[in-house]
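In what follows, structures are represented as structure tokens.
Heads up, the next two complexes both have subunit A, just with different partners, subunit B and then subunit C.
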Partner chain A sequence: MQKKGINRRQFLKLTGAGSLVAAAGTIGGGLTLPKGLWAATPAIKGPIKIGYQTVLSGTLAGYGEFHKMGLLMAVDEINAKGGIAGRKVEVEVRDSTLKPDDAIKNARYFVDSWGADFLGGIDSSGQALALAPLMDKLDRVLIVTHAATEKLTEDFVYRKGVRQIFRNCMPTYNDGNAAAFIAKDFPAVKWATVSPKYEYGFTCWKMFRETLTKLKPGVSFTAESWAPFGTTDFRSHINTILDAKPDGLYSTEWAGELISFLKQAKEAGLFDKIRYVMLPVGAAMDVLEGMGKDMPDNLWISGRYYFQYPNNKTNNEWVARFRKRWGHYPAYVSETAYSCVYAIKEAVEKAGSKDTGAVIQAMEGMGMNSPAGHRVFRKEDHQAIYDVPWGKTKADPKFPFKVMGDMKVLPAKEYFNRPPFEGPGTTPPFK
Partner chain B sequence: MMQSVVHTVLAGLSAGMFIWLVASGLTLIFGVLGVLNFAHGSFYMLGAYMCYTVLRYVGPDFWVALLIAPLSVCIIGYVVERWFLRYVYHLALPYQLLLTFAFVLIFDNLAKMVWGAGSVTPPDLSTLNGTVSILGRNFPVYNLFIIGVGPLVAAGLWLFLERTWYGRIIRAASSDREMAASIGVSVPALFTAVFVFGTWLGALGGGLAVPYVGLVTTGMGETIIIEAFIVAVIGGLGSLKGAFLGALVLGVLTAFGTRFFPAFDMFLTFILMAGVLLVRPQGLFGTAR
Partner chain C sequence: MTESRIRYAVLAALLLALAAVPYVSGKFFVYLTMRVMLLGIFAVGFNLLLGQTGLLSFGHGAFYAAGAYGLGLFGAYVTPNPLLGVAVGIAAAAVVALLVGYLCVRHTEIYFAMLTLACGMMVFSFVWNARSITGGDDGFIGIMRAPVTLFGGLRLPIGKDSQFYYFVLAFFVLAVWVAHRIRISPFGLVLSGIRENARRTEYAGIPVRKYRLSVFVVSGAFAGLAGALEALLESNARPFMAHWTHSAEPVLVSLLGGLSSLFGPIVGGAFFIAMREIIQRYTENWMLGFGVVLLVVIMAFRGGIMGAVENLFGRRSAGAGR
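And then the complex of A and B:
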């Protein structure tokens, strides 16, 4: 590790020097002038630089690749049509490694050495919470595209006023609150969980319990089994659940760990005994494709975006373009990464400036169209409000994997926590 | 309650056997060559990827995959020992660690380039598919098979090292290199053979993990190598007997921790290691040096 640190420092010096030379070149060699409509906007100088970090190593590296696909698509599309406010978009992607201190190192590199105008990405809640306190010093707009903890927007943006942070992906409200709205209609009264043993798992389960208890007094929560990050063997966790004999199982396991869990639970006969299963991130493409035909039917799944919703021209055309370019269905992080660049485009063009203060003002309350549907960045907490579907896994001959059937779409407004985020009337159900 | 305890033990035993398969190669290599091989987890990962590849592109016959995959990884093990590791035997331990750690990064990235960054899932296998009902709860046949394979490997290793001529040579070379060389043993060739055999054990563990875990990812070797190191330390570095016992204890303890003391499950392993090291710094079966 020591060695790596030295290399990085040397690397920083090199790239820092490099960008100085590049800047000198631009000044000396004549500016690339903005064209068309934006020719008269002198406020924006130089390219729009986005520093994006996501996980590119380890077991979750697949997520990073899917981020990149969406990101590059947006950048290429925008640059082909004249850029943002007539300025070229440049991105650099760095490996976030999922470690909190690396999230900070990357952000510092982007801002201090590379000269980023905007920051994007961040997969883990722990990383988001580590980076959040620094954002007012770094003073760049950060659009979080994957980390879901509600504490990021409730505590840091709303309570502490770190206005540089925005989030365009679904927060835990969908995993916790919306799941409870779906689960209240089941005859199940005894619930148990196998979930990740870190912030994301804890906060979702707490939200699910609290909301479900309000919606359906009399439900009980009989067992919880927490799987540490990197768990590949879920047999003991499955035993805990089978011993508790619940009617319903709720699990925020995700990615490869969810695949292992589902396969092992299926072998142990868990789905024969427990009929109501809620997987708030089960509709992720890596899970659907990874499970293939092995995915049990009638599990309730959702995600931050699901490629078959909304069934409209914008989304369907985007999915087709995405498949044509990358040979994959878009993962939810592909959509959020793609929409992140477009959010920056809309905000900069609305503000007529790339200065952080002006962009923040433009983004607060801003609405935009995106493949996932209409998004609005809520003014108070900078959380994007948009709808995602829940549904039951079912086979479809058109796909080599199970898809979402019986889709239910709850309006996000009905189940997102509301400012001021404490006291009565801030958590669902709302009157 | 009975059902729960029995199933927890079974889950622990099958998990422990995987740790043993990885730890056995690690321990053998350390015991004979004196090298702590960080890249051993990579051999486990490569064994899994090769197994997946054979299943996907040659045919869904698990036994064929289990035969071919570990052998193909042995070629990589051979290259690593013959053209890299051999040149650092005489250097201090940190250099060896640095080299083997470099291989971890190289293999992780190679796997990413060859098989993609996401996880890959093997096709459905009919081999040892299905479950048996034990006290009224399903237990996968495959896991019972794993519980059987572990002791078989242990017995095979013991017979080989204690009862064969080659085993005696290996033991001789590990206790005194110069003496072995002076009576005509080709120590470099022997080291290569032992390293390749250790590689095979690690890759076999990886291959066996494919149906067990249900998916193959880069970085999958990192979790298991840490457990294997813990087991090797508990058992006494270089002691196969210690590694076997350590793996069993760790597997079962972790399973009980997860099931009955979930608040402490991540500490139990380290408490066990700390406890053993306090009482016996050389490990359960290690010899004080």
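And then the complex of A and C:
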């Protein structure tokens, strides 16, 4: 995969340039004076500072680069148009290294030393859960843009009342519940999995099993094969699955490991023997581009955002701008990073303040338009509700990689767990 | 003034400076100072094994994790009293160290290092896989800082970082003092003897293996203390605390600071954390810059930073004296 990197110097230049444009706009025209609610209340002092952390080292560093592309686009666009409530946006990006203690240290640095007004990013669930209990002490709004664990919003926001945490990316509900809604229409009754041997893999498979059993009594789950983080040789896992002779395969493998798995499974003829394959994060751009034409057809894939959905002006124009600037199709983390900054903009301008309490109040239940479509931050658990498609891989002469065909879009409301998150009527299907 | 008086004056000044940190600096610096003290406790204990006895362990992360999970589990199921929790953390680490040490101390050098590495990674896998007890890779989350209760009546809150700082500082001073006492005790002398020549020490009628095991357990207990304090600081315990990459940290900071002195590992730890923090502000490729700096320091200062400082002062005082 060809990567168009950004180094810190370029990055500074870009943000600096953005602020110059903004300054020129306000001095020169006098026409770009702030309007709206915040015009009457110049209570916001100084720039709006966003501390963003993502993985920039190690094998998953490519994800961090995609985060940064979306982030910088949003910051530059907003600054060029006068900033947030007339204030310039400043961001600093730090390497989260995927380690929970580094996530905590970064957050403390951002808030206590750099003076961040907002926090964003976070890739791994472990990091999100480690940081969560600290958020009421740090008392800044954190928008999680990649970590998917439902515990973050169910346990910390809803049950423990850590109201500073928001999430604008898809949680595990799409990987587990939505996959089951898609799978129920297949003739397959025997299912198996090859999934990551950590919380994410276990949780999704459990959710998939439970929801599918409710939707289609009589299905059975015949084999599980757990691949530890860093697995490169999937042959034994593939053999376990082939021996069990299932009708369907479900896998939450992701990124480079999913690519290795798919290539090895293809060689072993797995896709000839198993007709129904579900990959909840298979529609990630690194996987689609990484597999290229080798991606088998007719695998069911999804993601937290997919660049061809929704097929509307906002999204298509954004994808075009993104391609023009970075030479890539946006990955889902690019979209969530981009929308994270816009969510902050909407909330601050709605609240007329950047104080945490006021912003939280503004964000609860707030709706916003974004490339991924309309998002609403659910009041109870601060989870953004928006729709993402599922579809089957197919070749398209316009793209050098396989794309998503036969798109099916389930309304997120129908498969997101609902507060109070325990007892009957909180998990799908809903009546 | 005699040399010992100067030393006491310097120590008192350092202690005062440490105690003043929450009053004179920002929150983030307070936090970083706590991290330095935690790494200091970890490394000072570790150096009893490496610098004093000449045994290189690559498994001390396991004891660190035992301390952290010990405190976490005790806090969740028995009582959240932080002093008891720390005691339980230390005890848990000592027990794990006893088991691991029993297997490992019969070997030395590379065999010892590899055995400790293997045992440490076994503890890591256990913590990773025992999801119902430890929370698996999500870590053990939600550890709370309950107030310290002393003598039934006195309640000291440690919820805020500026309060918790003194909790850490007290244990840091205690740990350094204990390590100092061990180093100058007859027990410490025997350890030095084992480092210099184990066979000769054995011929002097000393049960070398028992001494190795004892110091292994003691240094494991130090690691447990550091782990328990970190669990309180960060409100969580993580499987990667037991990973060998974490076990390598005290090795590195001991080498950086100097193996032969008490304060070497602490200075190394402070340097390690400060350098990383500084470099990270200038570049996202901080790992590269950090590696280069570490390489230069380790190559240029044999005997570590403290070794270099001692050389400097040794030369100067020698010059002044004659």
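Here is the rule we go by: the second predicted complex is superposed on the first by the 391 of 431 C-alpha atoms of A that agree within 3 Å, B and C clash if a C-alpha of one lies under 4 Å from a C-alpha of the other, contacts with A are read in each partner's own complex, and residues count from 1 in each chain.
Heads up, the rule we're going with is that a contact is a pair of C-beta atoms (placed from the backbone, for glycine too) under 8 Å apart; a residue touches a chain by one contact, two chains touch by 3 or more.
Please read all numbers here as calculations on a predicted model, not as lab measurements.
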So in the superposed three-chain picture, is A:G405 touching just subunit B, just subunit C, both, or none of them (first/second/both/neither)?
neither
Which of the two partners, first being subunit B and second being subunit C, lies in contact with A:Q264: first, second, both, or neither?
first
On the A-aligned overlay, A:F202 touches which partner chain: subunit B = first, subunit C = second, or both, or neither?
second
State whether A:S57 touches subunit B only (first), subunit C only (second), both chains, or neither.
both
On subunit A, which partner's contacts cover more residues, subunit B's or subunit C's?
B
Tell me the contact category for A:S225 with respect to subunit B and subunit C: first, second, both or neither.
first
Of the partners subunit B and subunit C, which touch A:D243 in the superposed model: first, second, both, neither?
first
Once chain A of both complexes is superposed, is A:G357 in touch with subunit B (first), subunit C (second), both, or neither?
neither
Using the superposition on A, tell me which residues of subunit A are in contact with subunit B and, in the other complex, with subunit C.
56-57
Spell out the part of subunit B that touches subunit A in their complex, as residue ranges.
3-4, 7-8, 10-12, 14-15, 18, 98, 108, 112, 116-119, 121, 124, 131, 137-140, 143, 209, 212-215, 217-220, 222-223, 254-256, 258-259, 262, 265-266
Given the complex, residues on subunit C that touch subunit A span 26-29, 31, 35, 128, 131, 136-139, 141-142, 161, 230, 234-236, 238, 240, 277, 280, 282-287
Residue positions on subunit A within touch of subunit C in the complex are 7-8, 56-57, 93-95, 99-101, 104-105, 108-109, 112-113, 125-126, 129-130, 132-134, 137, 149, 151, 198-199, 202
Residue ranges of subunit A touching subunit B (in the complex, touch as defined)
3, 56-59, 61-66, 197, 224-226, 228, 230, 232-233, 235-237, 239-240, 242-243, 255-256, 259-260, 263-264, 267-269, 286, 290-294
